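Take a look at these structures.
Same chain, two partners: subunit A is paired with subunit B first, then with subunit C.
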Partner chain A sequence: MPPKPGPGDSAAGSGSNKRKAAQQQTPSGRGERRDKLHLARAVPAQRAEAALKDGELDLQAFVAAHEFEIRSLEQSMATSKATGSTRAFQRLPRGLRRRTASHNPKRVPKRLRSRAVKEAKQDKTPTVESRKGKPRTTRARIRAETAKRLGILAERKRRKRLKRAEAAGASPDSTNAIGKDDGAAVRKPRAKIRRNLLNEPPTPPAKFRKRQLDKTWLPTHVWHAKRARMTAPKEPLWRFSLPLTPNEKVYRPVHRTQGDRGAVMWDASYMSTIGLYGNQAGIERALRRIGVSQENCWNDKGRRWRMGCRSWSGMLSRETSRGRQQMCPSSIFWNPVPSDHEPNNDSTKKKRELFLRVHPSAFLEVFNELVRRAKMETPQLYVEDLRYEVGSIDITGPASTEALLSVLTPYSTPQQPKAAHAGLFQSLNGLTNPSALPANAMLGFAIQDPRLRYPPRKPSTPEGEDEEMRLLETIAEWPVESGTQPYGLFNRNARHAASLLPSQKFIDRRRSRITPGASLKPGVGDPPIPVILLASRSGSSTQTQGTWTLLAPWSCILPVWHSLVHCPLSSGGNPRFGGLNETRQVAFERGLAWFPADYPATAAGVEWEREQRRTRERAWAKRPKSKRVEWESLDLGAGRKGEVGNGLACDYELLYGLPPLDKADEEEPPSKPVDEDAMDVDTHESAPPKKAKDDPLHLVTVITKNTFNQLISSPDSTSPLPLNATLTVRITVLSRGTVGPCARIYRLPSTPLPAPTSSNAEVPATIPPQSSSSPSTRLPHNLRAQWLDRIPPSKTPSRQRPNQSKITKSDDMETRKRMVARELLGPPSTPFPPPKPNTTDIGGHPLVPDAVDLVGFVTTGSFCLSEGMGMAIGSVAVDKVLPDVRADGKEGRLCVVRNAGENVGWLARWEAI
Partner chain B sequence: MVRIKERYLLVNIVYPPDPSKPAESSLPSHVVHHQPTTDKLTYQSLLKAIKTEVALLFGDYGSGSLDASLSIKYLSLATSTFIIRCPRAHYRMLWAALTFLHHVPIAHGSGRPCIFRVVRVSGTMRKAEEEAIRRAKRLIIAAQEEASCATSTLTDAHVLQEPLPTDITDESSDESMGEGDG
Partner chain C sequence: MHKLPRPPQGSRIQKRPLTRRQPPASSKSRIVYVSTGTPFMSAVKRVRKQLDQGLRRQSAAPKNASLQSRVEALEREQSSSASGVGGVEVTVMGTGRAVEKMVRLAGWFEQQGDCTVQVRTKTVGTVDDVVDVEGEAEDESRVRRMSCLEVVVQLK
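Showing the complex of A and B:
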């Protein structure tokens, strides 16, 4: 078998003769390749005489034979690697790999294409046919015929128009040039923005209109759709078609780029912008009502914010019958009044404008609330829905400033010198972290069309200490307050002018006239693009990476995006783009809660939780019965059977004893987003409160970290706790283990024998009585101590534990024998008969506490790459953890986290965020 | 894509000293143990012997599961080393069959008594080759050292004999075998 029948093998049958003949016919065919491969893989070997000297054993011959063997094996490894059978498309780095590149040489980069074609021919790979051939299906044939007929019609129309123009007297060429190239002849009308009403999304081109009936595309949709997994066509997210995650594997790359080197960016145009206009006093009252109630916003500390030099970010909330209810996180910034404007001290007369940026899932709630508040004021304020007017790009990572600097060129013409903020922005060269800037810094200026300087180039990196000192001085000084001008983005006309960018063709023609490589100067037809840059910090520390948010008119996002993704970075590569999953990942790695998933007490969070439940339910039901978690048969130890509550949900109904949602309500499609925008506002206003009444999850309220800290420090029962109060916490698993969404959070069981403590009185009635009373008596009495033993001693390297009975490799034979003898002769370590499994512990892990000690649920969780251990974001019931934390601040913050459907819990520590 | 999973066994043919014959004291023991194998051992005869042994030990099931892809990738008679390929799921059968072979399988008659020692089970040819190189290097050094020792103190040659790097109780080879367990 091993020596393949060679070409001269006489024993070969007729079949192999045929093959041989075929091989000879196609000299470059498969047979030759195979022979070559076979030859390369054969290892030369010596016969027996080589190791003998005159038929006798000999040391020299022995050594020589083995040396020959070494050489020949090394040679063989090298040749077989060199003639390796890797195909051209396999040699590509991951970023350049494309689908079906094995069958289509055109998907391979040009430098490898000829090789790919050759290999495909050699291997007789079935390759794709050109799509330009005849249409094969009836539908395609009809479509092709219609297209042909339409083309003829269009041609006829064009000829007719030309003839008419000739008759009018003008030369046909000039009309053609004007009418077609820069699009100047047909002015796009200014978008209609209605006050206090919702606006329509921009009308998409006819080609794409049918696909956007019940959703809107981002400005970069087509770009993303080729490179990312989008939301399913029938299931848009927040009425947008959003990129969920790039096609490439990016989990680890995103972790690296967002913190270490490079930059990650998102098209965040789905974030909604709301404009609020009116007198300053009225605006202040309205804002106070929706949650901007911190005193330092309105006293002298907030002067810079009110001037329009800083932005504010925080939670918005609204007054309901059950008290204040959180709506969503938001950032708010004012439009500065011109500095030369004579100061008007009467704040009721001063007309001001401001933008709110909110998440689309909470947009309607905030908008309706704002409209209501605005109408209550006299003189009335008014609200504008600027969702499709202002788009944005988020960019984070050490190279984010560098990327922005190379793409955003301030607009300056002799008539219109660049703004002060533009100069300040350009002086930020060398900044690696936007959170080093003053908190919530904000810049507004106009940029030129980024296509004029396409492709973007690396900015010169600053060198020397002088440059660094200058940068530090700029950051410390931050001279934004002198000579402020209103931001162009607030100006509707400026936004509209910016949306009339010249066509790509026109720019290409202009470029062909100048020297290659030089950049174009903005001309008369190039409008300035007003932008606003917001620098935000993640958390309060200046060490973690901050994020830049670039706001620009909706239709200018695409050219900026194209330039940004092709921007070369000094750390190598280009900025990466991320999808929705990556926003979540980045927030998680920075230890932040992500809206809406980690805010279960907001309406948007409830909606998200409901949707997640449905998704998990579907995924669970889809699996075969033998492969899905059987919740009833989960053995939690000590005779406790079954999952606590619904295993597919963060079961707040169980935790707070809320009534379950009516089945009928759940069955009906949760949201009917048919033409939400086209509906009248009146119907909207009535819709959400009705829904809120129905869903029991809306009864959960949230308390902030500050309130919680006050509650701890104040003695018992001075301030009443809101009903069903929840607290968002960050959980760090102390030893091994990771937890996922829906994991159960338990407090540590109380030390004495389970007598009903004060907190146990609030155990909801939905827990069956037998589960709360009988097994708890069977739990080991020292369960708390068992869990406390699990705290790892410390992170210092003195972890030399004495391991006695372990046989180590270094022991000599005598010691080993003695150890084995001792093990065999000694008394058995476990009593006989052994106890039944899962009664005192679960495979060495302590039992999880009882259902009465359930305090909350994990909303996001996994292994955290930045911390190197399991982390999670969750929410806990305040009334259950408060007594423990008051008693002992350190031990009260310990908890046990157990994944849904598993019986092993992990010790963890939580902290409020 | 489904890939056919294989195992590559690196095997040494070891010649134990014959107690009936007086030992040649002048030669290092390594050279004696790893002496070359006769040229009468061919690919075919070796394969045939293995297949017969497998059929004897495991019957039709064994020969059926091994026959498909059993092949000798490398056979060096000068150094008594070969690499054999077999299906991943059944490499233990092959190993057992090799263990039960006691003579050099030549076409006609029976060869010298010997031991077939599997020293490495690996998933790729490359790793088997690397191991063969490593062993050859160690063998050269050990043989030369022993020879120099023997010339200096002829009398102590057998007393000083340290455990061979390729000895049966060698730990490293055990590890490599264990790691090959599919």
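Showing the complex of A and C:
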């Protein structure tokens, strides 16, 4: 079967002497490239005889010929795609691509440069000569000449000095090396930490100082600024410049990596660490006051936590004039006392220390409260602000443990063998979910500088059932309690020592002396880096991935980060990095509330909500009038006009009848007043904005899931509901539809009483009499039933499914005929004239309930990739939903959610979280 | 093999997640995990999708290959695929109560004309926490072994 002479056949036969032919051809190689492209695009074909056998149509041969055709088409498609005009920079992974000037060979990475140069020559790509070489103006020329002359002078001077040194006797090499770069030349002073007072951020290098006047950079700021969208320079978030989202499109990749394969990580150094020191009894009293009041923290159940082998995470709260007010979620862990320490049973004498990790938006509140409580104690406790002392990295996903294992090498020298926790950590090889560890597990040990083993390598994954069982037994046993030693991270000197890492130059020089590929051994100048690893479970379902939090000294975060992002994973690729938006996304996909957005009853949440309102207001006002939602003219059906409350806000003022914020207050920018002493550094940190106290949103209080469950189970409990109580809920949209932030949550409308209750009613009314007072009467009386009908059939028991009167297959011809006739002859289903739109329904959707049935607002919501349907996190008013839930646990938890500015509602179910 | 004792009065079992193996990046076999809550047809479709994706894979011809050599390569490929060298294999895993669903799944793909199915039994371990609900006792953990069925589906 010889091929037909195709269009590219002229070049086809000349495979062997191709190079020679190309040399003889045009010097540009353009014609050659065109030939190659022709060749690639040519579809190989067979002669028509291939489908025949001895001139007859043969099925076997015919099918084979068609198969050949399809294959050859597919192959040539793939070939022409591969040989197509891909330039060198298009070969780069997305993360390494430039925004501009990729055509310039000097701007592509080194490994592709030669190829890029070749392509540029072939293509005759115009490249810009660098301006540096040739000065154009007279002035520039003079300047260049002067610089050149100065350079010569400097060189002459240097040579003279060297000669003089040689004459003095010392070899110039050694003086140079000792003087400059043995990696430990400049000793930084230990950072000052003041007790019970706020601390200054570390002084940035002079080059970057001006950019950090009103904010602080994360240790990885420069890395992130190249690869992620950061907060605007004038609008830092929580006094930090934070990465918001990577430059690449990552929504779906992050969904996949956080649950399926790979790992996502964040530089979470913006989270604030507070140290609390003092006697154990005093610390216990102080902690109880700020919300660690669960009995199982302080009885035998909390023994491991108090020992320092587990962390605790939960909400902190404080006492105010309006009752307990939540502050923020936090994790708290103790420093273990050395195991050989003689047991001191007098808890007032025992000196203990612990760390609290809180969100920066609530840091000040927690810090002030802690200082107040610490000063009340006798003997006094003291509090340290360790915000810029301890940094952290969060990493989650199935490969998170693997990545950590390949980067964190326990520090061990012959004099200082590695800690027990380090051995335990290394035995976790093969773990694919940190939430398989004991709840809130915690490990503390010292690692060596990760740059010594850079680039990190894949750890060998154990195979086989025995290895798996051994890992499980380790996890089940979790031997962390024997021989505990205090964690190095609590030790100020250890933190300081770790911050004196040798310079990169020094490490490179050391590496050049050993065989390539071998890893460096930690020497005298390499300090151990104390770290603490916290494993936390998250999410509602058992299979959800947990998260590792790596705590390390602030200045050690960057080398660890560099190693982590370049760590090859066994499932392919490297760990991804995320920004703030990805934190929200991951929390949402795991069905968790995200602080501060989903906590409207905390001060930080109120601040967030106010800021969001301002942002939305600005975005709305910016749009042309014809293209923005006109809230007054929104038609909610049944004659209701206008959005319920403010469409750009989660309008708790409307829900709870709170007074609106004074307009004057709102207009005032959040910055401090001008007349205050500008030199006082602490004013803008220690004094919360004055208007925050008067904000009506602060009157909203929250009740927890447990309290809510108790309220349900005891219908006539004596304890009254707190005023303006709200409950955080997770909402699942039952059928189609998604909801976004600010969406309105309604309860199902109650069925109006069927008849007047008085016994002497003359007319038995099925439809309740119109009461002129409320507009709700214009709603259909069976609205609740209409909504209940929207529950998808798979979610209701089969016996409840309504019988459909449609024609079914089983009906015989006679029945079918009769049904068709009835349909044709019967009165038309829609009356004439047709009713006005939006009176009884909205395009087939039931009308949304009335404003009296408004129970809450959605704070986060969208389509959830992990559930495959619309989900949302919101908060509902407890006093409005409680009677319904008490009456019927199932139906009471149904609700209708409607996006702000839309008139179609969706049936959904909520559950407390 | 011994039976684990019942948890003491007033405490209950809390499960921890199972270990999900991370398939290497280069491996052609995909793993589909099936739980009791997974709808049957959705599991079938997931497997089918993976199988079909493997079928569609067509490699580009080497650079500068002449038309003649490409035709030859195509013919060689055609004859080798007729002899039945399999493409992707999809592994489906289910444990405990989901084993019943796995058996049904294996049956389904046996019925399909174009698939070969292998069924393997395995044992996987997991960790349970015994949580004392009322009392003050600390949590304990124990290893539990559970049965697992692995169904490997491959196109003929």
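Definition applied: the second predicted complex is superposed on the first by the 655 of 913 C-alpha atoms of A that agree within 3 Å, B and C clash if a C-alpha of one lies under 4 Å from a C-alpha of the other, contacts with A are read in each partner's own complex, and residues count from 1 in each chain.
Keep this in mind: a residue touches a chain if its C-beta (ideal position, glycine included) is under 8 Å from a C-beta of that chain, and two chains touch if they have at least 3 such contacts.
Computed from a predicted structure; not experimentally measured.
**Q** Which partner does A:A50 contact after superposing on A: first (subunit B), second (subunit C), both, neither?
**A** first
**Q** Counting residues of subunit A touched by each partner, does subunit B or subunit C come out ahead?
**A** Of subunit B and subunit C, the partner in contact with more residues of subunit A is C.
**Q** Scan A:E74 for contacts with subunit B and subunit C and give back first, second, both or neither.
**A** In the superposition, A:E74 contacts both subunit B and subunit C.
**Q** Considering only the touch criterion stated at the top, classify A:Q426 as touching first (subunit B), second (subunit C), both, or neither.
**A** Neither partner.
**Q** Just to be sure I read the superposition right, which of the two partners does A:T839 touch: subunit B = first, subunit C = second, or both, or neither?
**A** A:T839 contacts neither subunit B nor subunit C.
**Q** State whether A:A65 touches subunit B only (first), subunit C only (second), both chains, or neither.
**A** first
**Q** Of the two partner chains, subunit B (first) and subunit C (second), which one does A:T231 touch, if any: first, second, both, or neither?
**A** neither
**Q** Subunit A residues touched by both subunit B and subunit C?
**A** 1, 3, 46, 67-68, 74, 76-77
**Q** So in the complex, the part of subunit C that touches subunit A is made up of which residues?
**A** For subunit C paired with subunit A, touching residues are 15-26, 58-61, 63-71, 74-75, 77-78, 122-127, 129, 132, 136-139, 141-143.
**Q** Within the complex, which stretch of subunit A touches subunit C?
**A** The touching residues are 1, 3, 6, 8-9, 11-15, 18, 36, 39-40, 42, 44, 46, 64, 67-68, 71-72, 74-79, 81-83, 261, 296, 299-301, 303-304, 398-399, 402, 430-433, 435-436, 438-439, 461, 465, 468-469, 471-473, 475-478, 542-544, 569-573.
**Q** Quick one: in the complex, what on subunit B touches subunit A?
**A** 24, 27-28, 30-32, 34-39, 43, 47, 70-79, 81, 125-126, 129-130, 132-133, 136-137, 139-140, 143-144, 147
**Q** Going by the contact rule at the top, pick out the subunit A residues touching subunit B in the complex.
**A** Within the complex, subunit A touches subunit B at residues 1-3, 41, 43, 45-52, 57-59, 62-63, 65-70, 73-74, 76-77, 80.
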